[in-house]
Structures are given as structure tokens and as C-alpha cells.
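In the two assemblies presented below, chain A is common to both, partnered first by chain B and then by chain C.
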Partner chain A sequence: MSEQTVTIYKRMKDLPSTRLLGAGTPMCAGCGGLQAVHEIYDILGEKTVFVNAAGCMTLLAVYPFTPFRGSWLYTSMASAPAGAQGVRDALDILLAKQRIKQEQDLDVVVLTGDGAAYGMGLSSTSSAIERGLDFIYVCYDNEGYGNTGQQTSAATPHGARTSTSTDARGFGGFKKDLFAIWAAHRPAYVATVIGSEPLDLARKIEKAKAMKGPRLIIALSPCPTGWDFDPMESAEIGHLAVKTGVWPLKEYENGQVTHTKVPSEWLPVEEYLKKQGRFAHLFKPQRNKALISEIQTRVDAYWAEVERA
Partner chain B sequence: MYRIRFHGRGGQGTKTASRMLGTAFFLAGYQVQDAPRYGAERRGAPIFAYVRAAKEAIHERGVIREPNLVVVADDSLVPVPAAGVLQGATARSVMLISSSESAATWRDRLNFPGTVLTLPAEASEQAELCFVGAACTGAAARLLGVIPRAILEAAVREELSALGEDIIRRNLEQALAAFDCMEPHAGSVNEGVAFSVADAKAPDWIDLPVDESDAAAAAIHASATSVEVRTGLWRVLRPVIDYDRCNRCWWVCSEFCPDSAIKVDADGRPEIDYDHCKGCMICVAQCPPHAIAAVPEQEFSEKTP
Partner chain C sequence: MTRALITGNQAAAWGARLARADYMPAFPITPQTEIIETLAGWIDSGEMDCRMVMMESEHSMITAAGAAAATGVRVFTATSSQGLMYAMEMIYGVPGMRAPFVLVNVSRGLQTPVTLEPDHTDVLAARDSGFLQIHCATCQEVLDQTLIAYRLAEHHRVRLPVIVNLDGFYLSFTREPVEIPDPAAVDRFLPGFDPETTRFRAGEPLSQGVVVLGSTPYSYFRYETHLAALQGLPAYAEIAADFAAQFGREYGALETYRSDDAEWVLFIMGSFATKAKDAVDRMREAGWKVGLVRPRLLRPFPDEPLRQVLAGKRGVAVVDQNLSMGKGGVLHSELASVLYGQLDAPPILASFIGGLGGRDIAPEEFYEMIQVLHRAAEEGKPPPPRLLFTGDELREVRKLQAIAHAERTEGLK
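Moving on to the complex of A and B:
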């Protein structure tokens, strides 16, 4: 967070204490994605229209029920940014024709999972950024196709077991660096957030809301069902993702990447891994030292590079 | 044709139970359909899964409305209207409930037209709950009477092959024990007749006037209507706040609650909305002064019958 920015969220007590998002959604108990989405919605406010690609969150607004205070549009998995373009254009036309007043304008917010953001929808996001579309993109990243039973996605981390990577080493590929891909388009703003760090999240959403142009947010979303842990641990696993350095909290603006929360002391990644059933094969029946240290080495290398920069 | 409907909660292995039973039927020489109801597979939420099996080709599709056997893996679902446990049952239907209460109690309690049987649930042992699906499969196989024990074992092995020998062994123990314990009722499920297209009656068509599009469109005209959905029914543990211990912090519980189910008043006093709390217990884990306790939901239903 750059120093000249004035945030109204200076301490935890400044966070909203009332909730905009309605209860009664069909998301799983302990959903880390819903945790982040309700925190984001509290900051964005009621004057938003959500454009939702197919995924878990599609189930938020199943007719006649919605947790939102305003409109919601459902698109296919690959085309939410195109849907957002249509909504933005319609609002602009209504503004130009003075059919709505400036204060009735809405923020257009895309909501997709990692399957759409990292994979199927990347092309339409790329072209929306290229066109300078004035929108906010929120990706809830639970590192797999959670809604259909946690198949591997382009966001699945190395070594994780998914329903399509079941062998002894788990997923052999690597999590795509979507932050860097988005930032390479030079949009107005890119940030990573997590629901378990609500103050950091609130400042970033506040900042994004005040800007124009493409603003893109990735929220790591601990997923009790897909990652296999007790729903009670959801926030704790979020904390560990940050404290072990697995999920760097950062933002991109004006060509610069800034890390917003750098712990003074790192916990070993295995503190994060061992809490989750999807990594259980790293510890049982015997400890897979090589794979654990491979994961640790990659995290260390990332932060070593941050320090050099 | 056999029509079997499974009811359970997300996380109990209900979908897997239907897969195992379907595979067992297949290995026993049947044509089989098995499928969970897509999109509802959320942890704690009511889950439905369906198995059809017949010696001839199956032309029916979709959900099972008139089951020959209803398997209920979680007895707390019986009073939940959304679960529809009793739906479509006839005098020829058999219902199997995994419960710590007796079959006689359930017969008294339910206006179920067919046979009610129970599979003794080891509710006290939290760790065993995840094998209830396997137990249901084993019991169902015996009630159907056309699946031999060895074929049940082969089906469980096949379906769980990716999960390792230890998990297979523990599931098999449960499945085979349930198979054996249903011996007195072996073969008590009647096969239903296959519906024929020729018997289907054309619906009486009613011409409806065309509405204005703003009245007829699937638009929702109010905010946050999701509160009409009582997700509190998912809960098996209830978070209870000890207000003497609560130090009116920066509403950690409310902020971290994914479900907007904890409201905070102007004095910083939190209140849990039990109509919607799904029982994830994040608040219990995160409360700084440990002022929230997790209490089994059963203790409340016993106090207020």
C-alpha cells in the first residue's frame, strides 16, 4: 500500500460490522470463497452488478433466491468479462441518454472461480483488459474445479491430490501465475487477497473501487470440501497460507508490484500442507521429504526474488 | 426394475454409496444407472443419489419418484421437508434409516406406508461417520437379496481402489457387517414394474395467456431473498456464545463467518442467526477469548421436543 493513499480502514474496528450479503446461500459450510466475497461486497456496497461465470458461486442466486441487493447476471464459463462489457455499455448508454443519473451508476463486478479465471475465461479477460473495460474482476481461487468434485485446474498447486490427480505424487504441474499474466496487460490494478486477512482485503477493494479501468482481484479460497479439511479450520488455513509465504499478498499498480503483508518470520510450508487432506500423501504412509522440500524451495525462491527486487 | 433412492448429507459418502451399489448390481449381471443429483453436493447439505437396476435395458431417466427402497444415511434429514425422504413411497416400499433409535420408534413417528427398518448407527463415534455410506450400501445389497456378499466386496474394492488399502478395509468392514446384520430381512425389497411409454397419458394442455415480460421474466424483485432458505438445517454442531467471556472485540466472529449469520449490534455484541448458521464452527476456532462453544445439536432437540 503506497503511503500517500488515505484509507478509511486503519484498524480492524474500521471494518464494516453489518453484512450486505444475505444468509441462506447454498455454499458449503466453511467456504473460504464466500468469506472473501461477503467481505468484498461489504466494501463495494449495494451499487454493484455481479456478472457470474459458471462455477460454485453460480448457485448463489438460484431463482427466486439471491443473497445480493442488486442485479446478477449469469454467463457461461469463458465469457463473464464479455458479459461485463455488455452491462457496462448498457449503463454508459443510459447515462449518455440521461435515463439514469450519475449517482445511479453501478460498479460492474465479474465473479468467477479459478477454472474460468486461470483457464477457460482467460482469453475474454485478456481482451477486456485490452479494451480498457471499466470493471472489477473477482476470482475466488480454490485451486480446482470445486463445483464438480475438485478436478485439477490451471490453479492447482504442485503436489496436491485432486479427483483427476490421484497418484502418489498428486498433481505434477504447477499453479499458473495469473497475477503476473494479468499484470503483464498493464491494467489499472491487480491484487491478491484472502478472506482471513480482512483489513488487507478491505484496503485493496477500497482502492480498486476508487479507480477506473480494469481492476482484477484474486482471492485464495480455502475449500473444506475440495482441499479436505474440517470447515472449522478454514480461516486458520488462510492464515497459514500467508504466514508460510504460500499465498503472497500483493498489488500491482503503475507498473509496480508491492507486497502488502510480509511476515517478519516465516513458518515452514508443511504447517500449511499438513492441515489438508489433499496433501496427506506427503506425510503418510511415510514422509515424502523430497516433495515437501521441493515445495518449500519454490516458496523460498519466490521470496528471495522479492527481497532482491 | 429396482429403484433405490439414497438420502444423506454432503460428506457422508452418499454419492459413493450409490456408486458402489450400482457397481455391485452391474457385477451381478444387471443393467444399471447410478447418479447423484448434480449441483447439490455441498458438505452438510441434503444429498440425493439414485440407482436403477434391471435385467433388461433401462429407458427411464432422471430422479426416482417411486422408490422400491429408500436409504437414509442421516436420520436428522427425515423431518427436513427439502430432503423429501418420504416422497413417493408406497405400501410396497422399504425404508432403511441409519439411526440410533429403533425401527419401532420410527414406525410410530412416521406415517410411512411401507416397511421401516433401521441400521444401528454408531453415532457416538464421530470418526466412523464417514463410513456410513459403505454401511448403507452393504445393508441395501442384502435387502435387495440379489447381490451376493462376494460381489458386494468386489464392488466396494473397485469403487474405492484409488483410496488405498486402509480405507478400503475400513469401508469393507462396515459394508460387510451391515450386509450380515440385514440377514433377517434379506430380499425384502420388491422389484417395481418398468413404466411403459405406452401407458403414459398425455398431459391436459392448458393455454395460458402471455404475460407482460416484466411480470413473466425470471427476475427477482427484492433484495437478499436468500434468507428464506433455512440453511440452519445443515448444522450438526451449534456455536453458543458465552456473553460473560465475549470481550466485544472487532467482531472477529461476524467478519470470518462466511454466511453472514452473525450480527453485531452497536455495542459490539454478536448474535448468531441459528436459522442460517450452517455449523462450520469457524467462529469457535477464531474467537480470541474462546467465548464460543460447539454444542451438539442433538442436546437442543432433546431439551425441546
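Moving on to the complex of A and C:
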């Protein structure tokens, strides 16, 4: 296992009390993605340059304002990891040629949605990992093309209604396993996080920050606008995603996957589903028992396999 | 200074080497690949202190190039044809970061159908992007213009990326004697890269490529980029004069050849101008008052210099190695926009589309163009645009048309 022994984040009260990311962004109220970005930024700090792909978070930096104390580079929907490559390589060249000092160096952090991470940007991410790029990738996963109105993406879960999957069954496909795809590249680190579990998140970001090489984070991001729930439920839905086993919190390191939060007892998935308008058709006008149990079976099968391993 | 017999691709590589490019994101494509292979060889042998990264696409390559330039290193990269098209989102994206670098494009036609052979359709698709464009006619010019391009891109009043274009095959794979300047002399002409305030550093927060809300800030940034591109004209003149003073080779924004007293002018871009100059000499021997004008700068377009050199001419034949579907030759439209409404503009401006997909242009065809201008002037009627074909080629095209027609009508039965 890793040489990482003690975390400075043992209890909730160890978490940073300062808020580095400025307020007043145009993200929706209750945005689970913004919550995760807040928490991540508090740990990564201002010696960072965020390299962004098209999505909701692109609207964080709207001329002439930015909530970041450090730097920001918007690239395109597909090529944020390539932008990170250019920045990292340039900083390394400047350091090697002694044109900048060590303390002027920056951590390079890619920030994209699931649409970019699971789809259009997957080729550039795969290549950045394969080249061993020293960077952190943060994917806030709201399970759809949120910025364009929550169309189905490769991260949309089975049965969810989106603006392009509107019939009684919702989306017929399955969420792509990006964690496994990333881990198959054998990068330094891969982890799943969620803003509603700030301690688990903080430990993982702390760990990633201390490492070199490709470090990739997927943050499930409850999205009131796209998932259709009241913004005040955002953290609760995040908790339920973990307690029902829908969103496994885990990390990959040295060829090993470890689950970082395994409750002794699972809540049924419908506790998570029924809170969200995008799954309302599973309960109304009639209960779609078959589909609910199909979703439950899949979650159970996942954890059964975890137990066997 | 040494003299060597090298290809246009090798000349481009020499330009990057002498410019001491720090960084080269790369991706292979014919006919450009020899450039990155040559540079890779020098990097591997330790002759060049540059970091090369093989990207997975040109879209990523241009993203990395822009990002690295915006971080503060001198960047070189190269592509052709489909590669340029694949990168197009970022070709339009990076100039607004105002981070200078040099992209060599080895021009080649675009699909469909697929071709490896040269024309200018690829590079003209980047015309409105914010990249400045320099077009070369010889291998020597490729090397020299790469050096000039860095000065232009990095000029304080410009700060935009620059494309240096050379024609695939006709220049990329043609060996010509080239003077390779001494590194020390190049260092005097082109000092180390100064990123000015465009750079990512801890403690100096900077936001790049951000969103604007509303049309006013959008127009402001686009207008500023346009103004910077226009500043490229005086900046280029200044840099070219400097280059001539140091290396003795003149590169005005326009190359003019026997055009001062000419009545008829060929207007042509790229390496075919060398063939056209030969045709001009022969027509001069036959007593025709013919000259040639070749734009080296396509962006910024040298409007005023063109008006001056073409004022009072009787006719201009524009040779386009491209075809804008549903319109015609791009250079023809560009020149028309410069000349229209000028009191002493040439009354005849004829369009010839030639050299598509590697097609050669024979000397006789240049003579014929001048004849067309003559006849048009006598008849007082502008000639229609022409796609250049020899008799044999036309017969071949007619045959293909006939077969296609027959198959289409047969198919209906």
C-alpha cells in the first residue's frame, strides 16, 4: 500500500475553515458539482491552474470576474487534458532552463464535466495518462450534458429521464464505468468522491496532491436542475447515493481498488431514486417494480463482487 | 553560415532549430511529417534543446501549443490538410489567448475525394482564425520566414500565432540550395522569448480563454485581435527590413516581379509563382508587358500596398489553387475587395482556378491567361472564371461526366 500513513483530516473539524473559492458564481443553487469544487479547491490551494472544458463550470470565470485566487485556462470540450499537457510541459521547461523559480510552479488541474470526461475528452485523457502527465483531473459528474439542458451522456444512469430520454422507461443504456477505464491505464491514483462526504473527499485530495503523475477524481454531483429536485435536498441526495450503494466511494492505487466507505447496512436504492424527478416515472403513475428491482439488482451485484474480491 | 541542399520540410525544421523553439507538440501527417522527424532526430542527438511531445491528435496538439505558449515558452508545431482541419476548433480558439507561436502548414488538398497532393484549400480554411499567414515560394524563404514569423508573432503590438505555409510536394519534398544562417546571427535577429504578461506563474493569477456575457465585451476582444492582426503589417515591414539588413535577403509583404511597367499582371501565391515568373520572362521576350505580384502575407492582407502596385494596370489574372464551393477562387474575392471602387483599379480582374490536388500549371497556360486579359480588355467585357484544364484533361473530365450521367439515368430504369 502507499506510504501515506497519517492524514491531517481525521475529523470534520480538521477540514479547512477558510473558503478559497469566491462566492457569487452563476452555478445553480444547490449545485453538487460546485460543492465538490469548493472542497477540492480548499485543499489544493491557490498555487493551481485549472484547465477547463466546456460545461457548467466554464461559467465560473466570466469576464472580468473569477472566483479563483489562482489561474484558469479554458480550452475546449475535448482537449482540456491536452491543455494541461501544454501548461505542465512549459512549466517543466521553464524550471529546467531556470527561467522560473521552484516557488513559481503550479499544480495543473483539469476540471470537466462527465460529458467531456466520459466521451469527447476521453481520447485526450487516455493519452495524457499514457504519457504519464503530472496532473490532477477532476470530473464533476452530473450524469448528463448539463449546460445544454441535461441531455443523455455516457454517464447517465439506467432508467433516468433526460431531455433526450423522455419515455416511460427513461434512458435505456447504462452508465459507463469511467473509474475502471481510467484505472486500466494504471495511473498513479483514481478515486471517486462526493461533496456530501467532505472528510472522505479531503483525504483523497490530500493524498492525490502529495503524489506525482496522473491522478484522477470523479465527483458524483447531484444536480437540482438536471435531476429535478429541490436545491436544499442536494446534500441529502448525496448521502443517499452513498448509503444506497449507488455511488461507491473508492480509490485505485498500485493496481489495487479499495472501498473507502462501506456502510454495514445498505438502504434500498429507491430511497435515492424517489427523491429525484428524473426517476419519478419509476413511481408514478404506477410503481415500475421491474425497473426498480433491475436497478437494485445491479447495485447488489456490484457489492457482492466487492465482497468476493 | 553554411549552404546545403535541403527540402522545404528540412528548411522549416532548420527555422525551428535556429529559433531555439523550447517545445514542440507534434502529430504526423503527409507531407509534413519530415519536419517533426527531422526535429526529433536533432532532439535525440542533443543538437537541439527542445521538448517534443507526440500528441494523439492535431486538436490536442494545437491546444497544447496554445497552452504552452500561454505559459511562456517558445513553441513550434506543424501540420497539413486533414490535420489542420481536425485542429480547426482550436485554430480559431488559441489566437484570442494572445500567446504567440509558429505553426508550419504544408498545404495539401482536402477530402472528398482524399488526396495527398497539394493545393491551398486547407490553409485558407484558417484564414479568418486570428492566426497570421505567411506564404513561401522557395525553400530558402521557408527557413527565413520561420524566423521572421517568430519575430512577428512575438512583436509587442501583435502577440498572435503565425502560420508559415509551404506547398506540399512542390516545396516540402523539393531540394534547393539553402543558406543556413549562423546561430549567433539568428540570436541577434531573434532574442529569447519574452512572454510579457501572458504567463502562468504561482502568485500571478491569470484567467485565459474565459466566457464573456453580452456582445460588447465579445466585440471588444474580437476587435482587439483584429487590430493586432492589422498591426502585423507595419510590424512585418519593420522585421523584414531588419532581416534584410542582417541577412541580405528581402521579403516584402508583396513580391513584385517586372510589374512596375507591366500592363498585365499575374497574381499568384506560393511556389507556383516561381513557374509564373519564368513565364513572365518568356512573355517579356515576346514583347508583352507582363509582370507578377505575389502576396507573402495573406493575413494581414496587404490592402494598401496591393492598391499601389496594381494601380493603372490594364488587367490582372488571379490564379487560385483553391475552390470555394458555390463561389470560386478565394484570392480572387480577396483581391476584388481591395480593388473595387478604386478610381485607378485595373478594369479586368480575371479568375483562374488551377493547381487543384497537385495539378501543375504549364507555361502555356500563363500565356493563355494573359491572352484572356487582352481579349477581355478589347471586348470591354470581364471574362468568366475558368477552371484550368488541358485538352487531354478536359476530355478525361468529359468522359467521367458522361459515364456518371449514363449510370445515373440507367439507374432510374
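The definition used in the following text is that the second predicted complex is superposed on the first by the 305 of 309 C-alpha atoms of A that agree within 3 Å, B and C clash if a C-alpha of one lies under 4 Å from a C-alpha of the other, contacts with A are read in each partner's own complex, and residues count from 1 in each chain.
Heads up, the rule we're going with is that a residue touches a chain if its C-beta (ideal position, glycine included) is under 8 Å from a C-beta of that chain, and two chains touch if they have at least 3 such contacts.
All figures in this text were calculated on a predicted structure; none of them were measured in a lab.
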Combined model on chain A: chain C and chain B, fit or clash: fit
Inter-chain angle, chain B to chain C through the CA centre of chain A, in degrees rounded to a multiple of 10: 80
Chain B versus chain C as contact partner of A:Gln151, first or second or both or neither: neither
Which of chain B and chain C A:Ser293 touches, first, second, both or neither: neither
Which superposed partner A:Leu34 touches (first chain B, second chain C, both, neither): first
Partner chain in contact with A:Thr75 - chain B first, chain C second, else both or neither: second
Which superposed partner A:Asp105 touches (first chain B, second chain C, both, neither): second
First, second, both or neither for A:Tyr63, with chain B first and chain C second: both
Partner chain in contact with A:Thr164 - chain B first, chain C second, else both or neither: neither
Nearest Cα pair across chain B and chain C, whole Å: 5
Common ground on chain A, meaning residues reached by chain C in one complex and by chain B in the other: 59, 61, 63, 66, 68-70
Chain C-touching residues of chain A, taken from the complex the two chains share: 46-47, 49, 51, 58-59, 61-63, 66, 68-76, 78-79, 81-87, 89-94, 97, 99-100, 103-106, 123-124, 126-127, 131
Chain C residues touching chain A - in the complex, by the definition given at the top: 22-23, 25, 49, 51, 53, 55-57, 59-61, 63-73, 89-90, 93, 200-213, 217
Chain A - residues contacting chain B, complex: 11-13, 15, 17-19, 21-32, 34-35, 38-39, 59-61, 63-70, 147, 149, 166, 195-196, 198, 224-225, 230-236
Contact set on chain B toward chain A in their complex: 10-11, 39-45, 162, 218, 220, 223-231, 234-235, 250-251, 254-261, 263-264, 268, 273, 275-276, 278-282, 284-286
